[in-house]
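In what comes next, chain A is part of two complexes: it sits with chain B in the first one and with chain C in the second one.
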Partner chain A sequence: MEQVIAILIDGVIYASWLFVVAVGLTLIFGVMRIVNIAHGAIYAIGAYATATLVGLGLGDDAPPWLSLVLMVIAAASVAAIIGPFLERGVLRWFYGRDEMVLLLVTYAILYILDSLMLTVWGSSPYYVTAAYGVFDSVNIGSLSYVGYDFLLIAVALAVGVGLHVYLAYTSRGKLLTAVIHSAEISSAMGIRINRIYMGTFTLGVFLAALAGALTSPMISIQPGVGTNLIIISFAVIIIGGLGSVYGAAVGALIVGICRSAAVHIAPEIELFVIYMVMVAVLLVRPEGLFPPMRVRQI
Partner chain B sequence: MIVEVLRRLRSQGAMLAVGAVAALTWTASSTAPAMAQSDGVFKIGVIGFLSGPAAESFGIPSVNTAKMLAEKLNAGGVPAPYATKGIGGKKIELVVIDEGAGGTKVIEGFRNLVERDHVDAVVGPIASGNCLALAPIAEELKQFTILSDCGTPQVFEARSYDYVFRAGAHGTMDNVSLVLYLRDKGVKFDTFSTINQKYAYGQDALADFRASLDVVMPGRTLKSELWPTFGAGQYGAEISALQKDRADLIYSSLWGGDLQAFVLQAAPRGLFKESQLALMAAAHVLPALGNKMPDGVIMGERGATGLLARPSPLNDWFWKTYVEAFKQIPASSSAYRMAQSLFGLKIAAEKAMKLNGGKNPSSQELAAAMTGLEWDAPAGRIRMALGKGHQAIQDAAVGRTKWDAQHKMVTLIDIKYYDADCVNPPEGVKSIDWIKSGFKGAKCSQ
Partner chain C sequence: MMRATILKWLAAAMLAIVAGFGLPGWMLLPLSLALANALVVLGLVTIIRTGGVSFGQALYFAAGAYAAGQVSRLFNSADAFAAIALGGATGLVIAAILAPLLIRFRGIFFAMLTLAVSMVGYGFLLNAGWLGGSDGMSVPAPTYLGYAPQGVWVTRSQFFLCAALALAAGFGMMALFRSSFGLATLAIGQNEIRVEYLGGPIGTIMWIAFVIAGGLAGVGGAAVALIIGHVEPEWMFWTRSGEFVLTAIVSGSTSVVAVFVAALFMEALHMFATDMFPNMWRLALGLILLLIIFVAPDGLGSIRAFRRFTTKRLGPSP
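Moving on, here comes the complex of A and B:
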């Protein structure tokens, strides 16, 4: 019984972290048809920006919870600077080209951002562990969890619910949904899709940076921290359905719990199990579990 | 129509221009090395991680050391026996390529070093997988190559090479010495769990550790074997699995950012209060982790390197020069392994140059001079004793962590050194077979 509880808790914590990353990725793809390979680098910049802000703003006497506030500020700052710059300055020049071209452009951006991080922050690791000790430990049976782990679940829930409310109940969300269905018709109907594109890309950047900021207290921040993450995030959105916010949530949950189960029961197939699930889903539903609704164009 | 023709011409013109620039670049780069060599330059290709998860722990210290030593050797500023300028009086010039771009790029970069830059020697790469992939290419191109760092014993145990060398001991001795340390220091444990990255290095490490344990301390029960992917970053489930097991000892070959993340996530959950942590090669993370690394963790660092290095005039000089240059201590074995690679190369090249009248030695001449060579390095005596004189052995060391509040750094105490002949297999015997034979032929001083 304890093992089942451990699998569920570990799986949900991991899924929450994955969801915050993957939902930004899927949102950008859903609206802009861009497979953003640079998403992992933006995640890393979120972590580095947090390290810089916490280093500047958190003296020895400052309360550790302040670093939680600085994380959000760091993610917002990254989004405000990088989002519009990349979308307006680089990506928009390639709109209308083949999706593969845009993929290659984001691949180039990945390398540029990686080099930029090395130039700005160097190769030495950064630590911002104060936030990890903000909450008390939680004991469940023989297992001890850090309270911060459960903050990840809360943030993922807030992001998921927030996006749902935005898409389903706000006029701007409905405009976004219209663009997801057809950018061309939306444009013809008077929707300023350039503004939607910039907003969406910036939101995606914010979510990636937020995930990096949230992870920063648990890792050593150094070159390459986002490298592997992007691969698993792609598995998540492929399972859930490319472009589907709800699919990203379900995909993250499936990947998280399957991985956790593998670690506890058959650790040697930990990575294999993620891709096995992906293949199984693709065999049954080639467009993923929750493909976004498509308007038939005549 | 006219517009279309102009567009085509413009596009063809652009292509021609690009082609011309590429051709000029290629021509220039093809002729440059020949000129450089006649100008008294000894060109070394260096392959190391400048990006990616291995950069901080291994790549940057390795490449930094190469740059530092090239500068010091060129100035004649290294203590004896390396006091002569450059290599045989020729100025050392480095061509550095990034290993972080992946295996295919490493091979492509290696080919460029050989065919475009015409380097005299290549030092690197670092990752075991890249060493295994690159060694046959080096052999095919007949390029003298020193594998600087990788740990897998498979390189020279699976086949032999004429042009490929490794100037540092492979990973077997790190696990053998760790197990001997557990025995010698009377570490009590009945059960153990393991966590290793799922690739050649982690798999070889665990095989060596378990086989050594079966010989030296038999009867211990394995509780669980965990295999996170390289660069996993999140270890929540693994820590839960280890907590559930409550093994007396946890063994790991995790390194770099993965090890740091594991420690940062496991320590607040109390994992190390319940289990003794024993790490194959981990001292490189100590300066960065500081007091976040618990006291009493048993660890090595791929030989008597870094915080485990013995004092010697050469090591003292190396340590001081590195600190002055980079404002941090050379805690990573990669820095030491690059140093022993370059010092070994200097000795071999100068030996070959004495025989060929002082010209830049060919790969064949370098290989002949390097085979079976012995030389001194900051990590102690390096001997090309295995792999038909192509694989080095060196002394090993293991210690325990202790936070030094006065100097605000983690130190290693209770250090025990193991002779190279005690913890490395004899020539011609595969590591795992040697361990299973009960270390037959090992020469231990105590």
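Moving on, here comes the complex of A and C:
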């Protein structure tokens, strides 16, 4: 019984993290039909930027909660710089090409960002653990959890609910939905697609950078932190159905709980249980669990 | 037609022999690696012609490499030809088993599912103690039908092996691309549903393309394993597949010659750039890739100079 509770709690924590990581990716795909392979690199930049900001702005006597504020500032500044630059500077020249071509373009961007990261931050690891000190540990039954982990759940809920409200209840969200259904007709109706694309891409970048910033206290930040992540978040959004925010939430929960079950029951398969879940889901439902509708074109 | 092909074949073979004897060892090594990688890319290009980009070729590549490493355990001698044959067969068989599952998918799903399957393989390798786990295993220096090269002949014979494989695969694939099968793959890539309505056996064609790619990747992996003398699970990691995709994008899928040129170019870039700017070579690679996608989306092979070498133009491009 205790093991089941432990699996569920670990799973939900991991799922929250996965959701924040993956939702930006699915958002960008849903609106712009771009699978952004550079997502993992942006995540890493978010983590690095946090490390730099915390290193600059936080003396030894500063209160630890300040590092939480710095995380958000780091993510926002990464998004404000990289998002518009990549979308206006690079991606828009490739609009209208095949989805696969855009995937390869973002693959090139991944190479460029990786290289820039190595130049700016070098290859030695950074550690920013201050944020862990903000929260006490939490005891559930006989299990003890780091309080910071529950912040992840809160952030994931906030992001999910925020996106839902934005898409379903605000006029700007409705414009976005119109663009998702048909960019061409929306543009004919006077919606400024360029602006929406830039905004969406920047929002996606922000979410990736935020995920990186949130993760920064838990890992040693070094080259390669984003490499595995991109594949895991693909698995999540493909399970849920590409382009669906709700699918990403369900995918994150499925993957999170499967992984934590693997960690508790059969640790040796932990590494690839995520991919096995993905393959299994795609075998049954080739377009994921909540696929957007498509027309078969001749 | 036939005579021209034989002449080209002879010219290429002469070039390889001259290079093998004339060039110093430090140049033969990257050349051999480039040729071996070109085999993998040649297979990937065959898949790309059907419209899908596989992000999981590292699976068959690494499987071939591990198979080559097993040869010395199985047969008590590290024969290069046995290693290549076993490597190719391993890639082929794994691709033949996985193909029915994978070729049902298109576009991004195909890319991501091939990737996921290769990552399952990567996880398997990390846990497979009998294959050395995360340390990988060493591949003993190969012998050639009993002949054990010494000194500079070690590199030289590796180069000749790779060159022979490249010549065979290159001309074989050239013929294949021109055959009705090769044209059918292009037709599927352009409009699958029309081919289906015309009665083309789409499933079979895609299966064959995928299996050929798996076999070539296995051969390439075995060759690289013999050259490096070591194989590790990282060879199955998705970034390795990504490097093959990069090379395939640089080459494009219209020309066999372009594949070899692209592979040589990538190896040269890798060699010089890692030396001179270790941090920045990926930046250069990314920029080159962007430029190629923007200027020549069909790769080097779409440039006029290459077209002369290869297929006739197939009507107006879409």
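Here, the second predicted complex is superposed on the first by the 288 of 298 C-alpha atoms of A that agree within 3 Å, B and C clash if a C-alpha of one lies under 4 Å from a C-alpha of the other, contacts with A are read in each partner's own complex, and residues count from 1 in each chain.
In the analysis below, a residue touches a chain if its C-beta (ideal position, glycine included) is under 8 Å from a C-beta of that chain, and two chains touch if they have at least 3 such contacts.
On a predicted model such as this, the values are computed, not experimentally measured, just so you know.
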Worksheet item: Does the chain A-based superposition show chain B and chain C clashing or fitting?
Response: clash
Discussion item. Just checking: does A:94 make contact with chain B only, chain C only, both, or neither of them? Give me first, second, both or neither.
Written reply: second
Worksheet item: If you stack the two complexes on chain A, which partner ends up touching A:220: first (chain B), second (chain C), both, or neither?
Response: first
Worksheet item: Just chain B (first), just chain C (second), both, or neither: which does A:35 touch?
Response: second
Worksheet item: So, does A:10 touch the first partner chain B, the second partner chain C, both, or neither?
Response: first
Item to complete: Considering only touches as defined above, state whether A:118 meets chain B (first), chain C (second), both or neither.
Response: both
Practice prompt. Scan A:1 for contacts with chain B and chain C and give back first, second, both or neither.
Written response: neither
Practice prompt. Mind working out whether A:109 is in touch with chain B, chain C, both or neither, as first, second, both or neither?
Written response: second
Discussion item. Is A:283 touching anything from chain B or chain C once the two structures are fitted on A? First, second, both or neither.
Written reply: second
Discussion item. Let me test your reading of the model: by the given contact rule, A:234 touches which partner, first (chain B), second (chain C), both or neither?
Written reply: second
Worksheet entry | Steric overlap of chain B with chain C in the superposed model, located at which of 25-33, 43-51, 115-123 or 259-267 | 115-123
Fill in: Overlap of the chain B and chain C footprints on chain A, listed as residue numbers
114-115, 118, 227, 268, 271
Worksheet item: Across the complex, what residues on chain A touch chain C?
Response: 35, 90, 93-94, 97-101, 103-105, 107-112, 114-116, 118-119, 227, 231, 234-235, 238, 242, 268-269, 271-272, 275-276, 278-279, 282-283, 286-287, 296, 298
Worksheet item: Okay, in this complex, where on chain A does chain B touch?
Response: 2-3, 6-7, 9-11, 13-14, 17, 114-115, 118, 123-125, 127, 129, 132-133, 137, 142-146, 149, 215, 217-220, 222-225, 227-229, 259-260, 263-264, 267-268, 270-271
Worksheet item: Which of the residues in chain C come into contact with chain A in the complex?
Response: 53, 101, 104-105, 107-109, 111-113, 115-117, 119-120, 122-124, 126-127, 191, 193-194, 238-239, 242, 245-246, 249, 279-283, 285-287, 289-290, 293-294, 297
Worksheet item: Inside the complex, what are the residues of chain B that reach chain A?
Response: 50-56, 59-60, 100, 198, 224-234, 236-238, 240-241, 243-244, 246, 257, 260-261, 264-265, 268-270, 285, 288-289, 292, 328
